[in-house]
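As written, the chain order gives the labels A, B and C, with residue 1 at the start of each chain.
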Amino acid sequence: MAHLLADGLRFRHQDTMIHRLDPRIKLLISIALFSVALLSSNLSQLAVAFGAIIVPAALARSLRRLGKVMSVSLTFAVFIFIINLVFGYGFLKSATLTLRFMAIVASTSLFFVTTSPDELEYVMRWFRLPRDFVFAFVTAVRFVPVLMLDLTQIIDAQKSRGLELDRGGPVKRLRNLIPVLIPLIVNALVRSGELAEAMESRGYGAVKKPTSLYTLRLASRDYAALSMTVAAWASILLSFGVLAQT
Amino acid sequence: MVALDDVSLEVDKGEVLAIVGGNGAGKTTLLKHLNGLLKPTSGSVKVFGKETKEQSVAELSRKIGLVFQNSDHQLFSETAESEVLFGLKNFGFSEADAVRRAGEVFSYFGLDSLRQRAPLTLSGGEKKRLCIAAVMAWNPEVLVLDEPTVGQDYLSKGRILDTIRQLVAAEKTVLVVSHDLEFLWPLDARTVVMMGGKVVADGDSQTVFSDSPLLEGAGLKQPQLVTISKLFGRSPSFRDVSDAANWLSRR
Amino acid sequence: MVGAADEILRFEDLSFKYMGLDLPTLQNVNLSMRKGEIAVLAGASGSGKTTLLRCINGLIPHIYPGEYSGRVVVDGLVAQDTPTYELAKKIGFLFQNPENQIFMFTVERDIAFGLENLGVERSEIARRVDESLKLLSIEDLRNRSPSELSDGQKQRVAIAGALAMGPELLVLDEPTSLLDPRAATDVVALVKELNAELGLSVLLVEHRLELVAPIADQLIIMSGGRIWKSGPPVEVLASEGIHEVGLSAPTVVELQRQLRALGRWPGKIDLSVDAFYSEAKETWR
């Protein structure tokens, strides 16, 4: 299940009109969708919310990817549904709350699915987040596939020594993870030490305000998307006023 | 993209086999089929006459010990001794039996001084030999070494070579995967050359290592002794520098 | 400005003991490298090579504290008194595993990384990135993600990133150790080319002496934290006792050394098999 989540949220390069947008606009779209999802308090409003999410998702050719993420959140969704029922909220209300949760998940995932880690970095820098923090984030994401590869190699090596990860009760299974986690963590620590040395050798910290090869600049399509997003947002919120009674 | 393409290979008991090729030739992929980490998409892999598809990795590893390239992917225990005990316990040896075998294997490989050391503090060469010892502790019939010399210095390579010879003398079946032909030359092993997922040569080391175009095509470097022997028209090629010096000094 | 004008690197009686260790890792190291030279540093594991390298780019003593005596001078700068980022402008440092020195998601941005850190102006960064890509023949990798690249390619990217910063000295720590023979030969040829084309001084730490001895102007062998021998490669490789320091000369050199000991090799010792053969034909005709 963790696989699906990691896979679903991972950015894959695609050339759609959504992907080509400035990441700040993509963020804005997600925020708009998120707020709409948050404000949905009945089924018809939710229908509008989902509809609003599906449009950019379809334009970004990411419906299937989004579907994967949704299937993972399904367990949580069911959990929320049951909890609400238990607390006496009634079937309809519980269903509404559950669907709202899923709409929120979908709207935020859309951003991550359409935005490369590269672009994420630019957005973070634009928000003037501390450089060290942004760098740490970027490097972490960059090394995820590397560590995943380490993990498969470690598992292979330990399985070859007779380690059986899929046998035994829950306690045994947890214990069996030790020969996998320790090498993984140690290797990650050694890597980070080497990374630190490499950073020094590339002048990290030489200057308080490092320059940047690329900067974000809004193009005409970004302004177009911006106006459309704002217009759609406004209309949806107005329609919510109408749909509030249903 | 196919990682292995129509590979047919038979290895007899007690044989020493070298599998050579550049990075990406498919050597490691091939090895992983031996203990079931990978199962073939088509064709069959039989170990001791039985299909690997019908056996678990643990079952197969009991008979075929794989030592991977990166020692740091395996070592995790507090002491070298507990590292060796790990595999033994996994394969169901009793406490008493396991401790006895661990002791034997430390002596056999001359690693007694390392017994209580923390594996993570050992040198590269020591780690490698510890990994080999840890696998031999449960006494598999076959030992497979994946690039044992990568990152090792000269002294360490010598010790690894001695270890292999020790095992060959004990009639184990040994497979060594390497791109380091200088290292393999003294072993005089049957050699299989792989390229792009295929086996492109299979013969004795003299024939294979003398085939310069073959080696070059496979991205491998001919051992200098072979090149020198060929230049002086000497066949079979010298296995040892001293032999070469003596022979040449008499010309 | 300290030191001789044509010297790129000098170690003056350097000793170093890591904090927390009982014994010094480096003892009275004296070394000198001329500008434009390719020097190879070799030694068994534990001989102090990595520690020596860390003294060059300032990681010792700035990141790794300990007892430091003596001096390291890099192109006029005293390493001990210079911050690491200043030294980074002079020294391009390549670590053993290229994976752990590529930070960014695309090759292009990684090459730019060092320049961004130094606060270089954007158009200049772009120019230098283009130049580095071209120099290392990896223009087609510009927008690729580093995790998709082969080891040899990753290494080129790392070298490009170091070169973009315009160093005087390139230091490579065992660049071929994870590579297969073909990729190893390529990287050695690349280093030779960079030295020839750019006049870049190069310090190479390497085990596989048969690969690098042919391109070296100077071979330095370390043992137990000291310099055991240094000089022209052939001379050093043909020395007695090289096995005792945990190294092995290329077979062809060892052969000539043994022939010399048997009194059958009066001439000079060659590094290449072909040269040896030609000379043998001459000598024994």
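Here is the rule we go by: a residue touches a chain if its C-beta (ideal position, glycine included) is under 8 Å from a C-beta of that chain, and two chains touch if they have at least 3 such contacts.
Note that the structure is predicted; figures quoted are calculated from it, not measured.
No other pair of chains shares as many C-beta contacts as A-C. Ranked by how far their CA centres sit from the centre of subunit B, the chains are topped by A. Spacing of subunit A relative to subunit B, judged by their CA centroids, is 44 angstrom.
Subunit C has its Cα centroid 30 Å from the Cα centroid of subunit B. Within the complex formed with subunit B, the subunit A residues making contact are 150, 153-154, 156-164, 178-179, 182-183, 186-187, 190.
Listed in rising order, the residues of subunit B touching subunit C in the complex are 22-24, 123-125, 150-151, 153-156, 179, 182, 219-221, 223-225, 227-228, 231-232, 241-242, 244-246, 248-249, 251. Only residues 54, 57-59, 62-63, 84-86, 88-89, 91-93, 95, 97, 99-106, 108-109, 112-122, 125-126, 129, 146-147, 161-162, 165 of subunit C touch subunit A when the two sit together in their complex. Against subunit C, in their complex, subunit A makes its touches with residues 116-118, 135, 138-139, 141-142, 145-146, 191, 194-207, 209-215.
Residues 44-46, 150-151, 174, 177-183, 185, 207, 210, 246-248, 250-252, 254-255, 258-259, 262, 264, 273-274, 276-277, 280, 284 of subunit C are the ones touching subunit B in the complex.
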